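Take a look at the structures below.
In what follows, subunit A forms one complex with subunit B and a second complex with subunit C.
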Partner chain A sequence: MTLAQRMKTLAPRLVGANNEGVLAIIIVVLIIVMSLLSPSFFTVHTLFSIVRSALVPSILAIAVLLVIISGGIDVSFAAIAIFAAYTTVHLAQQGQFDPGIIGILLFACAIGAVLGFVNGAVIARFRLPTLIVTLATQGIFRGILLVYIGSRYIAQLPDSMAGLSTANLIAIDSSRSYLPLLVVPVAVIVLIVAWMLRRTMFGRGIYAIGGDTEAARRAGFPVVRFQIILYMMVGAIAAIGGLIHVILNRNANPQDIVGTELDVIAAVVLGGASIFGGRGSVLGTVLGVVLVQLINNSLLLMGVPTAWQRAAVGLLLVVGVGIQALSARRASRRTFVLDTVEA
Partner chain B sequence: MPIRTHQSAAGQVNSRIDNTVRTWISHIHVDRGIGRMLVLLVIAFALFAVLNPRVFMNPLNLQNIMVSAPEVGILAIAMTLAMLTGGIDLSLVSIANLTAITISTMYTGLVGSDPALAESLGGVIVLVGIAVGVLAGLINAFLISTVGITPILATLATMQIFNGIAIVWTGGKTLYGAPQALSAVGKSTVAGVPVLFLLFLVVAIVIGLLVNRTPFGRKTQLQGANPTAARFSGIRSASVLYGTYLTTGLLGGLAGVLFVTRNPTASADYGTSYVLLVIVIAVLGGTNPMGGFATVTGVVLATLVLQVVQSGFNAIRLSSYEYSIAQGVILIGVMVFDQLRFRRRTRYVASTQTRNIASMSNVGEDADETPDTAGADSVETK
Partner chain C sequence: MAERNEAPVLEVRGIVKVFGGVTALDGVSMSLLPGRVHCLAGENGSGKSTLIKIISGVDTPDAGEILIDGEAMSGMTPARALRAGIQVIYQDFSLFPNLTVAENIVLPAAIASRKKLFNRARSRPGAQRIVDELGLTLDLDADVEKLSVADRQLTAICRALVQDARILFMDEPTTALTHSEVARLFGLVRKLQERGVAIVFVSHKLDEVLEVSHDITVLRSGQLVASGDAREYSVQSLTVAMTGRDVDTTRLVNDLGKRGAPLLEVSRLDLPGAFTDISFDLAPGEILGITGLLGSGRGEIVEALFGLLKPESGTVTVNGAALRPGSIRSSISAGIGYVPEDRLTQGLFLEKSIADNIIAGSLDSHARGKVVLSQKRIAETISTLFTRLRIKAPSVAAPVRSLSGGNAQRVVLAKWLATKPKILILNGPTVGVDVGSKNEILTILRDAAREGMGVIMISDDVPELVSICNRVLIVRRGSLVAEFDSEQIEAQRIQEVMAA
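The block that comes next holds the complex of A and B.
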């Protein structure tokens, strides 16, 4: 095998199924450019602060990734996340008891799963468009939270949660850099979901449903049951994201998280997941989240007003998705196959 | 043999009657979509009139409903157009805000130097504002049609960009000031009906004619119902998509003008709840979110229903969060109801088909239930 041939077979593997390689290269280039531009960028402190700010978006992005792979889109996950987390803290505070971190986690996940079940049941049973259903449930969940559960900001967390918010995995006091302990559960969840998507029948089923629902049904996947389980799982993962957000912020504010949906969806789509379903990877999603956080952080360091962040993420999305769309169009022209999706 | 021909003739007559009845039923179906909104409107109105007549039936309150309906209604009509092609436009509210901010900035800039000139240039300022909306629509159309990005992602991104520009422009603050002529229009009424409401009706009629009576409207419907069929019928999807998103941009800009007309202020985060509301109205008004079918009349009625509900919620002292719960419940309720009725209808049609054409026995029920057939069916029978 000549070198050129070897390069040819190597290149697609490095690029990855969903352009993960390209994303990684962009991130590395961005890091190099920023390090040259600003001496304060290439430090442990920056690394830790980016990791810290990426924790909650990563968890939420993993939840959104599952929905997008299955061919849907979810905008209610942020409402579910804060609903579950705030309700848990609120009840613990009202009842003057502390069920311990495991109890809190289980309770929040249960709430998240119930809300996810509402989404899943409506979507799977009646085959309604996911965007519109989740837009509606977003309004419902948020309304119920603020009207019937509480709209007050809670500054005092249960002790078991408060203890976690100051726990660090690595603490370098000299440069005031701290890596929160919560990195561990986030990493565990990310790895479990990655394993589930690759190795389990359920994971493959989600890809199959996203690729072609009818084909998945005829192949014997229980589509309705899988979709309902999927949305319950998404709800539970979102609830964990909400809890981590509350712990990191050391307070529970019912107005939080809602409003960041689009940033998370943008990160997932940048990570190579196809909005039509059937494509996407955990690695790409995590890289997408890191890229968005990196850009936000870089803009801040370069002295660009925070007001530009929103426009920057939008621009990033246009460029990322635009390149994918153009290359898909070129590929379909090359193979002379009529692609009905593109029309 | 004669018996056989007699049978086939009877069969022909039978299937003809069957077809006629079916078209007839589907006409009722369309009318019922509008009729249902009318019923809902009357029920909602009566309910709040009974619950709190003193506040709700106050002429001022009724006029308020008519003044606040147009901006939401025009955005909903724009959303309907986007949905007609099978797309969606999430950036509408951001476009409207950008227009409002443009108008407010230009006016306050001119007033600083020459107040009289600023007033006389009011019309030009408004036109520039609307041009900003059209430009935003052009960007959407370019991304969706030329680049080929899915409408939901393209408009998600442009929503972020337009909103981001608005935040940077205003610095997150609320701008004050708009041409006084506009405010005067906003306050004026004709026979007790606010001019803004009449403007809304005019826009609705124009778009209704555009959709139902022009070649462009027909092409848009076919494009939404079945893009492949549209392409093989020689319809250029690019011209349809450009036309659609330029129009939604124009309507977004118009809504932005109404923002400043109603209230001489502009800010980047005005009407953030409208994104959901506008989709609710469009779907409630009988628009198929998968494309291919929509009625502007239904959307106008749905706008009024939701405005009445909102105003009624205010009158009986329920919060805006309770209103958002109501919106969500109404949206899911109507969609589930439609879906159930649609399934029943297709099941009926499928069974008669299998009886009529016995040779095509493998016409599956599932194949008939896909949403695409819903769109095609509605257009064809309309």
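The block that comes next holds the complex of A and C.
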């Protein structure tokens, strides 16, 4: 490969298939601007607190990413997350028994997978619009949680979970900066999902289904089975997100998480995942989460009222979707280029 | 050549398929021999594509059986069909627009071999090999959605051949290919045939079909009407078998009288990538045919007239007044009506009644005053059109979904006639319509034109154009390459110019 050719392939690679490069540049610019505006911004303390606040949204965003790539949208993930986490804590507390963190994890994931199965079965079997189905199940899951399982706030976590709440990977006592140990499982899950999407037939199948469901069927992908597995997986990942939320907060509140859907979906879309399906990457999603958290944090630091944070994220979402719609239109204009190969 | 008495590799017997009251296939049987090219011929909507979908496991038949190597297969699924060595190159290619060419080529093979993992880098050589073997140039790393139609077709062909196909269906594989590419494809077909692959070739270009095929099966309206050795057929006799009548070149055209001022004038219309320098006019009462191959730009031209696409330059005037480019409202208020290509998805509300569909486009003109609709006038319009167009349905309250293709198309026509357009543009008005309905639709159009309406009709069906059009324009690669006026129209010549 000549140098010129290499340069030509380098530029698009830096930008990334889903504009990850552009997103990274925006984040860097935002960090520089904030550092100039506020001297307390560019510190390890801020870094760690942003990472800490990004943990749960990252996990949830990864779950949503999977659904969006497959051409759907899920708004029930938050309800599933808190359902699984709260139910697990509630049962452990009532039974006065602590199954250990692995036991708790498996139990919560099982609950999440069952709830995800409900979504997947309805969507795949009856080919219903994913937004409506998950909107409905969100209400159902939340209702069941509050009526049958409990609506009380639980302040005392099982010991195995409480122990994790205070475990830090890095602790700098002088500046009161702590990086929670839970960064590790989050990173592991993110990497596993990234690997799965790139290197397994299941992962490529999700992209194929999102690109053209009928073509995926014709190519021999078991579309119904893949969709059901996908939603179960999304439920299980959401459950882990719920557990991490509960551990970080050191209490279990059944009213939590629901309401953060906007932040999470906005992060995924800003991260380059196409709302039309078939496109999106784990790296982009993580960058999207970082951007949203960075903006929330910056607004806080500048003394902007919290109500404006939601407006800002909403605005970001519109911008992200708008960019997609524009580039989709440009792409469609390109596709009716005629066959100009002369016979 | 393979022995004639060899056992068939695939056999279908008595396949029946009914879609919502319409019989798409009615007891069709066919058998494929290894190493032979079998032509599946038939008009649009004769059931060819449905038969392919059933054999490849995408649709389930209502009756009949599929035998592979003499063994009955029950509960065919796409994955099982692929494992049995059945490969289909679909008309719409069925590619994944968001994935690269290489991935598109190798993924189905990976599914068929029940792989669990996928490595993009390691699967690339396999894709490269088949591309080289066919002597093609394809950018393996490009996303399919960025490819031209011809390159997509080549990708679909590569994808089918990368797996060891024993039975290969090619549904209209040559529509978007140039002459040299078609020749290369045929070379390939012969190579595959020597390897013992049974090939089913579906094409509208009958001379092509006869050039490569050994056996022929002809479908008409879902029924098997002829089958046998290809050498016993000519383009002429094949057409008769497909249409069930002699090639209807009898022209029944309205007399235009002396040419007055044109109703529609199109001048130097230009949209880079779609069409260039398009100029023509249309007289009141004239029926103008526009034809060309798929992807030639013929559809884009009329979409620009109706404002669905915005041309970069050029003007369209109706009765001397210029239209605002790219504005559907401006086109409608100037009196242009457009019947789209895919009538089922674009032109109708399937769950709504015939009455609602007929009136859907012309509610404005049925208003009493400005706001309130006049129920009486609406009812009058509906019943007039319902009877005039002889829509076969129990009542105007029947949902459009329950109608057959021909009747659904009549409802679309009724909807547009209700708006009393000055110019009616029809894109493939008789696609998927049986011969009887087709003639009636043409009669309706002739009658409408006689009352002074200008009609522009896009069609693949050359005999149809010959039988109804005052003039025919031919589009090739985005340009008007020929115009046949009344005295020159002749099916053979139109076909020659189109495919040149």
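The rule is short, and it goes like this: the second predicted complex is superposed on the first by the 324 of 343 C-alpha atoms of A that agree within 3 Å, B and C clash if a C-alpha of one lies under 4 Å from a C-alpha of the other, contacts with A are read in each partner's own complex, and residues count from 1 in each chain.
As a convention for this text, contacts are C-beta pairs under 8 Å (C-beta built on N, C-alpha and C of every residue); 3 or more make two chains touch, one makes a residue touch a chain.
Remember, predicted model here, so these are calculated numbers, not experimental data.
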| item | value |
| --- | --- |
| Touching partner for A:Thr200 - first (subunit B), second (subunit C), both, neither | second |
| Touched partner set for A:Pro222, first subunit B, second subunit C, both or neither | second |
| Which superposed partner A:Glu214 touches (first subunit B, second subunit C, both, neither) | both |
| Subunit B versus subunit C as contact partner of A:Arg279, first or second or both or neither | second |
| Touched partner set for A:Gly100, first subunit B, second subunit C, both or neither | neither |
| Touching partner for A:Gly163 - first (subunit B), second (subunit C), both, neither | neither |
| Partner contacting more residues of subunit A (subunit B vs subunit C) | B |
| Touched partner set for A:Ile73, first subunit B, second subunit C, both or neither | first |
| Residues of subunit A contacting subunit B in one complex and subunit C in the other | 214, 338, 340, 342-343 |
| Interfacial residue positions of subunit B with respect to subunit A in the complex | 88, 143, 147-150, 152-154, 156-161, 163-165, 167-168, 171-172, 227-228, 230-231, 237, 276, 279-280, 283, 289-290, 319, 321-325, 327-329, 331-332, 335-336, 339-340, 366, 369, 371 |
| Touching residues (chain side subunit A, partner subunit C) in the complex | 198-205, 207-208, 210-212, 214-222, 274, 277-279, 331, 333-343 |
| List of subunit A residues in touch with subunit B within their complex | 73, 122, 126-129, 131-133, 135-140, 142-144, 146-147, 214, 262, 265-266, 269, 275-276, 305, 307-315, 317-318, 321-322, 325-326, 328-329, 338, 340, 342-343 |
| Subunit C residues touching subunit A - in the complex, by the definition given at the top | 56, 58, 77-79, 81-82, 88, 90, 94-99, 103, 107-108, 110-112, 115-120, 145-146, 148-150, 176, 178-181, 273-274, 295-297, 300, 477-478 |
